[in-house]
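Just below sit the structures, each encoded as structure tokens.
Next, two complexes with chain A in common: one pairs it with chain B, the other with chain C.
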Partner chain A sequence: MTAILPAPATAPARHAPVSRRKRWRYLPQYLAIAPFFLLFAVFGIYPVLYSLYLALQRWDGVGPMKFVGLENFRFLLSDATFWESIGNTLVIWVMSTVPMTVLALLIALGLNSSVRFKGVLRVAYFLPNVTSIVAMSLVFGSIFSSDFGILNWVLGLVGIDHVQWLTDPWAIRGAISIMIIWRWTGYNAIIFLAGLQALPPDVFEAARIDGAGPVQTFFRITLPLLRPVLLFSVVMSAISGMQIFTESQVLLGNRGGPDGAGLTMVLYFYNTAFADNDFGYGAAIAWGIFVVVVLFSILNWRLVQRPARGQVKETVR
Partner chain B sequence: MTLTRRRFLTGAAALGAAAFGAAACTSPTTANPGRITLWYTSNGLSEQVLGEAVRRFAADKLTPSQVSGELKQRLLAALAGEAYLPDITMLGDDIATYFADTDHFVDLNTLGAAESKPEYLPWKWQAGASPDGFQLGFPVDVGPAALYYRHDLFAQAGLPSEPDDVAAAVPTWDDYFDFGVQAQKKLPGRYLITDTKTVFTYSLAQEPRKYFDRDNHYLDDQSQVRRAWDRAVKAFRLGLTAGYAGSQSQNGESIDRHAAWNSGKELSFVNASWISGELKQSAPATAGKWRVCRAPGGAGNQGGSFLAITKYCPDPHAAFEMVKWLQSPANQPQTYLELGLFPPSPSVYTDPRLLAPEPFFGGQVTMDVFSKTAREVQPVYFSPWDITISDTYTDALTTVESAGKDPEQAWNDARSSVERLLRRQGVLS
Partner chain C sequence: MTTTRGRVVTYVALIVGALLTLFPYYWLAVMASNTTADIYAAPPRLTFGGHLFDNIGQVFAKIDFFGSLLNTLIVAVVTTLLVLFFDSLAAFTFAKYDFPGSSVLFGILLATFVVPTQLAAIPQFDLMAHFGWVGDLKALIIPAAANAFGIFWMRQYARGAIPDELLEAARMDGAGFFRTYLSVGLPVLRPALAFLGIFTFVNAWNDYLWPLVVLIDSNHVTLQVALSQLNGLYVKDYSVVMAGTLVAIVPLVIVFLFGARHFIRNIAAGALKG
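This part shows the complex of A and B:
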């Protein structure tokens, strides 16, 4: 701790080298940072440790707990529903992140070229991100409604058959993805825009002098230079993608709809712990999610570390 | 500057410590010590009756507190922490999940509840008692099921349309399905059944046994479950179900279904009495066109709540007086008129206020239909695991209906996942 504090050499003679006094010297600073650590201990570390303890118990939330050892984890490994929920989460993540990144990039490029009312557009694109997810899901519920929804009405106008958005397993995943895309595209577009505006203009000038067309400039210069920002957005969407919950829950209920198509990992955890009141197993699922997220982060990190340009495009796509 | 900052920090730290210390010292067992707190859900109790109760029990300081969101989550948290507990709390029809933990509650029999027993429907009273006779819940409302149908459209298609005629035409589920096939020929593109889930749920509600016996033994012979399942599958195969289950939110609301009520696409449906409020609210333009009659297959009940007293209540006798008064036969009509919560006391069924013709149902006295059903409901044991098991079966049915899964495969999968679940919970070995 002392190592990162200013070296004592700057004020050699002001304090007597009494270690007791020295220890108390920094008390105000420690007190100043204490609230965070206290709160973190109470609301962070304690629940984490308690959930680990809980994962070894069978508990309905009211009566006495019963120690079952690793039984919950053993059950988790052979729990087809859990594996399906992992699959659903990943599928929904891919289905949402890919179009979202492309869309956001297009919007950012559009905003970056001189358009009028840039400020207004930026606010407009950010708006979906700050809208309450519950309110949004209710609105989307009526949009996706299969017989009387707006979306199917529009599809009907174009001559496409009704899609059973909330009952067909793949349409469900699509519907959830659309909600995620709607929510995060603007957010990422703003981030991309910031990245675009930070790019050095002389590089583009040099490319233009060398005779590069707009498409060439985009793929050879803009995209590689934008790589750190793109990676940031992919990592952020991976983090939020692993936590998809509210969209599914409000749209389809606690059990994730027909065939459990919208049952994400977090929704499965919520349903087990708080709807079925199986807190022990719920805690075990939470730890299962933790492991999946760790593995997914390692994978992401490996992809991010690749320096080659070809790999960058692959990550983006 | 240095001095003021340090002083500020020390002061802030002291304040923080004081706040933590204060929180640690004051952890009351009940939510409002010195008062009798009543937790209830939104639309769970009549506001007017509660208002009168607060005046009447002013000496005991009755404090009703409407819990927003899930009352159960809050109650479990309070019970687990043994802090901020209500003295009286509402419990849902999943009351059986508390039977293993009755040590947190007061046995209403010790407060003289037996005297009130004859005033209530016997099956409802029994549903509030654990298998070993601990009277946990005091009846609030019941949910007798009926067949709701569009009188005007039935008449237009030349089908029986008066309540007695319709009831006579569909005494059993099979008759109802035949009737549905006939109706669909005359009124193509419309449905008589919401989804496979409602067929399963209401069919099982008519059985005298569900999944467990009263000693909490899993009924290995699930012929009654299979019967409900087969009915649901049959309705689906005949093309009678609209498949709205998938679009139902956790509250059971469905945009498609509401729209189908308005457009006349849903010609009829079996549901509990409490749906009439939602029907009136969602399809006001169809007022006067609906009727109710006895449900096919017999009398069944779905839903209904209870009031319970926690053992942390300092004055359970006073609390019981309040519960008894709130849910007295004299106050039940008001609750029914205000919220549509069906009274659990048969004596109320002859109250002139409840026998008034209902304009929404074309001037029909719906109480005649519901009260007859309520009286006929058979007592059935509802185990702590019933809701999860039911959900597993209805999920599987929805998969058959919406995702085209093979019904036999779905049945086997549902059954084995139920057994797996029960094994994990230590119910089955």
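This part shows the complex of A and C:
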């Protein structure tokens, strides 16, 4: 379907050999795509290869490099802090993704019913997603402040004791999760809403005629049909969830707070490489994160993919 | 089908949800317009105060906030313009021309999606040091000047939106490749450019990890880095920090509100296709 339009030969010299003319014929096209490939070679491929080399060295970024072989990777496997950072990242991911998905689904269902001001509500719910994480981490930092924060003040009004949001390990993870939920719920609600609007109306009509109630319709028809969109959302949240950095760093500092309860994988990487200037080990951590992300993505894919598609068809029929 | 009561419940729930979502913005404005003592009083002051301009004045007086605002604006605008130009040019080419290696090259472009950012961070920093770009805005702009996402996304759009007849006509009129891109490609791609422009601008404005790494200890920081430094400097004076935070997000919120419809629609459409 794509048009095959070779560029017109640019004014061939009168007796130029055909092969030469041909060679230059596609030059404009190659020039047009060159910037991306050039930038990717310099700032993408080369750095990734170089980081593999770096992971085999001990280097503080200034002095000479010292080749240490697989020493960095051996240390990584026995590094309790690295394992804790993986644990923290996964815990925060679960604590944020589950409520976020449920809330987003509810909002999408609400927006999909015949309400007015849909446009305004959509913008309101989406706004957090585009607002700087640094700025909003500062705002949340004050909201979560244990003695003067408004959240604890409100909790106090209903008789709940102050929560040490920024010092208690589980409260720290809760606070980070709340920030992620705040940022991503609206985004996912918009995605789910688009998914809902793409569903064929006649299926719902048929369900209504067969006497299905709203709850039955939701669990037997809406949810199974929405599966691909839900899958997209969970996979996306898994990818971005593994990258959590700014919330922890701004809220708790480079060490991730007391006992490192908020130390995520990327924060540990940042801290090792750019705060402690341990570039060799930092590169090894980056490769460790890469492996975790790949394994986690595969696992995720498997888990969400599992139930057969036939089930959906059957329900619809 | 929906009962009146059901509808009322839906309304109330949606509005309460939206208010909760917007509360941090309200609270930010309250904090930025009061003194720190007022916010930390018991009970705290929950309405706007009259100290907004005092607080903003303090932000501007104590650190070079205006400079970082300008830096961020330069980075965001220049990056956006470069991305729009390079991405649309490449997307137009991939969508509408067939040349030796085009499908292989496009395959490579798609494969670059899987390259994780942390892996490249340390060597990129080293590279910037070699170029002498550490502490320089070039370090933010140049690596971001073209990207695979924009090219891929815009190519999908260009394939459907640019009719072959139009290209044929341009060719008959004697337009060369670049001329065709300018007079046929760009005008048709305008809605796609609007989305990609806002998307790029928002990301460049909000970027934190890389500017933190490459601009630290220089007098060319961006807003996000300046904000985190401001936070470190004024632990006691929250109102000043919040005034800075407010100044840092207002321009972006305005940009977003202007293009929100466009932006939200395209984000949703991209997810459905994906």
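Everything that follows uses one rule, which is that the second predicted complex is superposed on the first by the 281 of 317 C-alpha atoms of A that agree within 3 Å, B and C clash if a C-alpha of one lies under 4 Å from a C-alpha of the other, contacts with A are read in each partner's own complex, and residues count from 1 in each chain.
FYI, a contact is a pair of C-beta atoms (placed from the backbone, for glycine too) under 8 Å apart; a residue touches a chain by one contact, two chains touch by 3 or more.
Only a predicted model underlies this, so the values are computations on that prediction, with no experimental measurement involved.
Applying the stated contact rule after C-alpha superposition, one finds that A:I190 touches chain C and leaves chain B untouched. Once chain A of one complex is fitted onto chain A of the other, the partner contacts of A:L166 are limited to chain B, with no touch recorded for chain C. By the touch criterion stated above, A:F75 is placed in contact with chain B alone, chain C being left untouched. After overlaying the two complexes on the shared chain, residue contacts for A:S146 are found with chain B alone; chain C is out of touch. Applying the stated contact rule after C-alpha superposition, one finds that A:P28 touches each of chain B and chain C.
Judged by the touch definition given at the top, the superposed model places A:G260 against chain B, while chain C stays out of reach. More residues of chain A lie in touch with C than with the remaining chain of the pair chain B and chain C. Of the two partner chains placed by superposition, only chain B is touched by A:G63; chain C is not. Look at A:W182: by the touch rule set out above, it reaches chain C but stays clear of chain B. By the touch criterion stated above, A:N277 is placed in contact with chain B alone, chain C being left untouched. Common to the chain B-facing and chain C-facing surfaces of chain A are residues 28, 32, 35, 61, 141-142, 148, 249-250, 274. Taken together, the chain A residues at the contact with chain B in this complex read 28, 31-32, 34-35, 38, 58, 60-63, 66, 68, 71-72, 75, 81, 141-142, 145-149, 164, 166-169, 172, 249-255, 257-261, 274, 276-278, 281. By the touch criterion stated above, chain A contacts chain C in their complex at residues 1-8, 10, 26, 28-30, 32-33, 35-37, 39-40, 42-44, 46-48, 50-51, 54, 61, 103, 106-107, 110-111, 113-115, 119, 121-128, 130-136, 138-143, 148, 150, 153, 182, 185-187, 190-191, 193-195, 198, 208, 229, 232-233, 236, 243, 245-246, 249-250, 266, 269-270, 273-274, 279, 282-283, 286-287, 289-290, 293.
Across the interface of their complex, chain A is touched by residues 6, 9-10, 12-13, 16, 20, 70, 73, 76, 79-80, 97-98, 100-101, 104, 243, 245-250, 255-256, 259-260, 263, 265, 384, 387-388, 391, 395, 398-399, 401-403, 405, 417, 420, 424-426 of chain B. If you check the complex, the residues on chain C that touch chain A are 1-2, 7, 10-11, 13-15, 17-18, 21-22, 24-25, 27-28, 31, 39-40, 42-44, 86-87, 89-90, 92-100, 102, 105, 108-109, 112, 115-127, 142-143, 145-148, 151, 159, 164, 167-168, 171, 176-178, 181, 202, 205-206, 208-209, 212-213, 216, 223-224, 227-228, 231, 238, 241-242, 245, 248-249, 252-253, 256-257, 260-261, 263-264, 267-269, 271-272, 274.
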